[in-house]
Amino acid sequence: MLTIKKLTKAFGPNVAVDKADIQIDRPAMIGIIGRSGAGKSTLLRMLNRLSDATSGQMIFEGRDITGLTGHDKRAWQSECAMIFQQFNLVPRMDVVSNVLHGTLNRRSTLTTMFNLFPTADIHRAIDILDRLGIAEHGPKRAEALSGGQQQRVAIARALMQDPKIILADEPIASLDPMNAQVVMQSLRRIHEEDGRMVIANLHTLDTARRYCDRVIGMRDGRIVFDGTPEQLTTGVARDIYGADDSFNEAYTSTEIQTLNRVPA
Amino acid sequence: MLTIKKLTKAFGPNVAVDKADIQIDRPAMIGIIGRSGAGKSTLLRMLNRLSDATSGQMIFEGRDITGLTGHDKRAWQSECAMIFQQFNLVPRMDVVSNVLHGTLNRRSTLTTMFNLFPTADIHRAIDILDRLGIAEHGPKRAEALSGGQQQRVAIARALMQDPKIILADEPIASLDPMNAQVVMQSLRRIHEEDGRMVIANLHTLDTARRYCDRVIGMRDGRIVFDGTPEQLTTGVARDIYGADDSFNEAYTSTEIQTLNRVPA
Amino acid sequence: EDIKEFRIGILGGENAQDRLNSNECLRAKTADLLGVETKLFAPADYNGVIQGLLGGTIDMAWLGASGYAKTFLSDPEAVEPILVKVNNDGGYGYYSIGFARKDSGIDSLEAMKGKVFGFGDPNSTSGFLIPSIEIPQATGATMTSGDYFGEVKFTGGHEQTIVAVYNGDIDGGVTWADGLGEWEDGFNSGALRKAVDAGLVDMNELVQIWKSKPIPEGPVVLRKSLPEDVKLKMTGLMASLKSMDEECAYGVLQGDAKGFMPITHEAYEVIVEARKLKSN
Amino acid sequence: MSALDVDMIPVKMQADALFRRKRLVSFGLPALVLAYLTYIFFAFDIPGLAQRFEVDNARALVADSYSYKTHVTRDNRSGEVSVAIEGERKGTYEAGTAPDWVALGNETLIDLGEGHVVTFGAENFMSYIVPGYGEITAQPSRAKGVDATLPEGDVPEWINVSRNRMTVTTEAGRLTVTRNRTEVFRYFAGWELFFFTLDSPYHGLGFGEVMARALGGEAADIWLDFWTNKMWRHSDVAWALFETILMAFLGTMGAAIVALPLAFLAAKNFSPLMAVRQVMRRFFDFFRGVDALIWTIVLARAFGPGPLTGALAILITDTGSFGKMFSEALENADQKQIEGIQSTGANPVQRYRFGVIPQVTPVLLSQILYYLESNTRSATIIGAITGGGIGLLLTQAMITQKDWEEVAYYIVLIILMVMAMDWFSGWLRRKLIQGDEGGR
Amino acid sequence: MADLTGGVGALRADYMALTRRKRMMDGIILAIFVALMVSGFMIADDRNAGGFWSGLHRLFDFPKEVLGEAVEKVDTLPAHFVKFFPSLVETINIAGASTLIGALAAMVLSLLSTRGMARWPRMIPVFRRIMDIMRAVPEIVIALVLIFVMGGGPVPAMIAIAFHTAGALGKLFSEVNENASLKPVEGLQSVGANWSQRMILGVIPQVSPNYLSYALLRFEINIRASAILGFVGAGGIGYELKNAMSWGKGQYDEAAAIFLLLFATIIVVDQVSSHFRDRLTHGKTDRKVAA
């Protein structure tokens, strides 16, 4: 389904992603872990074609997406939704409009200029918001929402794209534990109910263990682990995070632990 | 030495200081406490003649200072230095210049216009800064200093005035416990070594108890307590702060408690 | 009382620097004669020089007749005319010429009825004052827009009028010419001739539709409050300029001319009256 | 699930309403703009304008701004032939001399290039051979006019002939014949005599040679010949540029000096009396509202034409602008610093000096420097109308409507001058505001 | 203790040296500035026809003359107001249309020249230079050239002012853009939105209040500019004012009437626009920038 071959990204002399090979056969929920600077974000941004690969190939359903440009590139982006750590919504616009932005690739500039989104789309946007439990905030400005709500708007926008893949770059890093749980559960549900592939960068081991079918570990741009959550032992984690024996898994998981203390 | 008689200040219908009577016979270190809005700042500001009294009298060393105007008023202000909660320095000017502002009253307008302070004054300013332990920051801009350092610059400016009285309006309210201690100790040392009168508004009981010879309590503009720190019992404090039985002294002293935990 | 400096104002029509340059010799002669520093000023329009004369910041200038009248009307004690330029034919007059584009079919004032008519500068004698009095006499109607002409405009100056007519922005306009020589050349001198020489217009494309009575050339004026001996010296200098220095006179007189001759205020009383008439 | 759908109906209707509103706005705004522009389109008679647009003028302007023409003129009364660059006296070749494409003699042969040849024959006769067309001849005389003979066929558009005048315009040049004169123009690219005029020994020398001579000790002469070039007057132009900048500088700085004390009177927190403040504000509005140009006219009576008048006009207008902006800056001044100074017994002047000036300096400085740049442009305009400086040169060159190369030159100079001032004021701003450690 | 005083001694010396240096720098800068001002004034005074001091007492001559006549014929003023109102409308229209067109162009130019938003990032310096040049050209230059090419009237003025406005606003707009968050833009990019969609939805909503505020400020400036261009034949109230003014005595009542109209307009627009600008940038620090 998705094949990544020797994908490399260099910023000058600095290699952010180093000959990454990933092979995914069926829609799965995949977590990518690794310490800061490991190249997680860079990998996802290349997949979404927000940045260009230095070398290597990405093939999705037989189609090479590495070198797409212009219209084709944008069409690919619309199939491959991205969710950001900082949500990247348009803060001054209302929630429904933000969700409708998911359809931009299908609409002409003129349509967007005059806000001519079809009523059907508007209704679908509200249905999606409802599915994520925030439909009643539809008319509010995005900036008026809490972080967790904003992230769900971002997910709604992604769903609005009706994508084959959802990429999520540390979707819960700016959220408090309560909201983090809601967002991760939403992503999981989308994966399970719609059968969409979800690839999420995560910075806590136990989130990855809890929600993902498969975990990929990166270190210094290279993929150093690829397996099921069960295979992700403390030893392996130590390897990924490049920590010595004093490594304590809790260092990477403050938030979910806190979550566990909060009455659900 | 300083006699305050029926001093009153009304802002419209609002009486901020209500017939205050205070009699001080020898240079002492006096703390004024009271909850927010009790009239502490207003009292000090009247003493420094930053604002005018509505009625009543202030007599210092036999001279009535209540009605001074123009040159006489400014001369009085130079004898009676004021230290503010927010330091009120000129942030863009260097520390020594800020200290030199203490001599403005003695210098002609023309020389000061061009920043021409006598070398002797500059040397004295640096000596004072040295006494307060911040001489090495002399050439820096005031804004580049930490809060505690800035407050010490303000004290240096006050000392530069060579005043008979130093008024301090909540001098440690914007400081962290470490800096608060340094500043209070500086004030105490000035009082003890130079024999200057110091009147300080304080918002924590234990600071007042620790550093002052005499404590005055204000409530709703009236003076409701005047005595030694020992006389300041919890009951009296409850009275000053207008609190009910649930009053806990700790409520007013978070900072110094923290201070006690810091290794001195 | 003595003067400390002498200031000469020069009117427009040519490149400012060229104007200053062609009068530079006059400046030098004046400085020699009077023994004081002499300066030239070339403001952009008539009004600049007139304000200078009125305010006492300019001592001598060569004005247009209408400009002189304006100065006189503002303050009769400000300046006095001393000399006037004499043409090669001995006269000291020139003409206001009305013209239009040939292909517009307009060949007379009658044909201009309902059309757009353009004046030059309001302070110009030939570009406004005289035509604004003589044309109504010819047409029997006022110059108000919509009365006889469809619209009446100021173009700002002679050059602009010519270009505006040539471009068809306006249907007809007035400008000045000496009335000598051939129409095809744009007469011997005047604004039309300059435009032809510059290659701006082709006179074949234009026709004359009106010509005024002779207009007196504007006077060289001196500020009245100047000391008598200064006035005398300057009058003498200007009057003998042509005989003293031909080249210099060519520059100062803006072309070939016989020289200057004395003139007094009386010669301009008609113009003053005309101007009074035009003030509301 | 269906209950949920029902729940959603009001939300959806709300959203529909929202989008209807948004659409109205997003259609309404552009529609308003469009309506206004349509109104302007007709109010300003743009269709009529398109008709009046003089392509020829535009072409002449553009062509002239990067090229020049040399006139070869025969006076048909005296028979004298003269050659002059741009037809100007100061560009005239000495009698008996001519550029190499003109052969003087009994017959004057003028080679316009590409086979175009004009001949001034005896008895005022002239002929023009146009390749691909034929020979045009004319015999101007007082009696018979121009008397032109053209090749067979229709008269082409580029020939305009009447009894008394003929004009021929080709790519190679232009010819006009009237009874009095026969004149040929040949066009060349570049700005004529930009460096040296004809009478200079350095005219026509290559750059290398001039440099070599300069090194050979003639530098001063070369510079003098260039600097006093009669055609381009580099020294006068430089002086005019200086005068323009001088007006801007004096006006801006003078205004700042005048406005600062007045701004205190107009600031809420410093003005002694409400009435004083109101009066000051209205004064500022007045000074600002009347444009500098109108002040120039008012001042011209008192001070006459010249740069001082322009500078004073800018000074007056900007006193209004600065007064307003400074007093706003003062109103935003931090009261705490002032109180700190006041508490030491400082008098009011000292209070302003130390409590106010240091904190408003960066704001004021940056505003003053912004204005310095913008006033350079204003000074150009003021100069154009009365004052002097480069603006006057520009408008005058434009009014004569022939020296477009000079116009182009002045425009380039003005743009460079304004950009230089922009850069300079930006540099100074960065320098002064970041670099004043310790404040002043 | 001796050590300590030695330390203070060193500090004193350092500080004195610093102070001396600063005083000297201040002194030099002040001296240069004063010298520039004084010599500049003297040069200007010398180059002027009339001197400053000798002309000072005549400062009010001209206003007196104008006002004298205006007061004398005060009953004609209302008629003049009516007569010149259409010209005033034309002047306002020139300003309005040119601000509108200039602002639209400035918007595009500024987006094209802001890092992170530019359509062609390599062209950023090119668009910046274009804006610099557009800003540097005084309106009158373009107006005069256009008047030559297409005759007098409002259009040359409109084009000239719009041209300059595009450059001036473009610079201000791009400063605004630089402070705008790029996050929404990236978010829109990730859904496959094209450039214009990213700009319209991601940038414009963030920056429009500031844009509007600057455009209003520019409108004030442009009213004045369009009145001035009337002086060189570009129509509108400036043309009428110039004719009345330069005719002189006899039409000063007209000049006064036109002047009052123009002045009132400027004040009204100024007040209204500063009111709206205050509201638009409410709470934010409004950096007023020169023309």
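By letter and in written order, the chains are A, B, C, D and E; residue numbering begins at 1 in each of them.
Here is the rule we use: a contact is a pair of C-beta atoms (placed from the backbone, for glycine too) under 8 Å apart; a residue touches a chain by one contact, two chains touch by 3 or more.
Each chain and its UniProt protein: A, B = Phosphonate transport system ATP-binding protein; D, E = Phosphonate transport system permease protein.
This one's a predicted model, so the numbers in the text were calculated from it and none came from an experiment.
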item: For subunit C and subunit D, chains touching each; value: E
item: Required steps from subunit B to subunit D (each step between touching chains, minimum); value: 1
item: Between D-E and C-E, the pair joined by more C-beta contacts; value: D-E
item: By mean Cα position, the chain sitting nearest the middle; value: E
item: Distance between the centres, which are taken as Cα means, of subunit E and subunit D, whole angstrom; value: 17
item: Chain centre separation in whole Å, for subunit E relative to subunit A (CA means); value: 48
item: Rounded Å distance, subunit A centre to subunit D centre (Cα mean); value: 56
item: Subunit C residues counted as touching two or more neighbouring chains; value: 7, 9, 41, 45, 47, 51-52, 54-55, 57-58, 160, 163, 167, 169
item: Residue list for subunit B, restricted to those that touch at least two other chains; value: 115, 139
item: Touching two or more other chains - residue numbers and ranges from subunit D; value: 52, 54, 57, 297, 300-306, 384-385, 395, 401, 438, 440
item: Set of all touching chain pairs, with the criterion as stated earlier; value: A-D, A-E, B-D, B-E, C-D, C-E, D-E
item: Subunit D residues touching subunit C - in the complex, by the definition given at the top; value: 52, 54, 57, 60, 69, 87, 160, 162, 164-165, 167, 174, 178-181, 185, 230, 233, 236, 297, 300-306, 384-386, 392-393, 395-397, 399-403, 406
item: Complex contact set, residues of subunit D against subunit B; value: 336-337, 339-347, 349-350, 353-355, 358-359, 361-362, 436-440
item: In the complex, subunit E residues that touch subunit C; value: 47-50, 55, 58, 61-62, 65, 76, 147-148, 151-153, 232-233, 239, 243, 245-251, 253-254
item: Subunit A residues touching subunit D - in the complex, by the definition given at the top; value: 94, 96-97, 113-117, 119, 122-123, 125-127, 130, 135-136, 138-139
item: List of subunit D residues in touch with subunit A within their complex; value: 4, 7-8, 11-12, 14-16, 18-19, 22-23, 25-27, 30
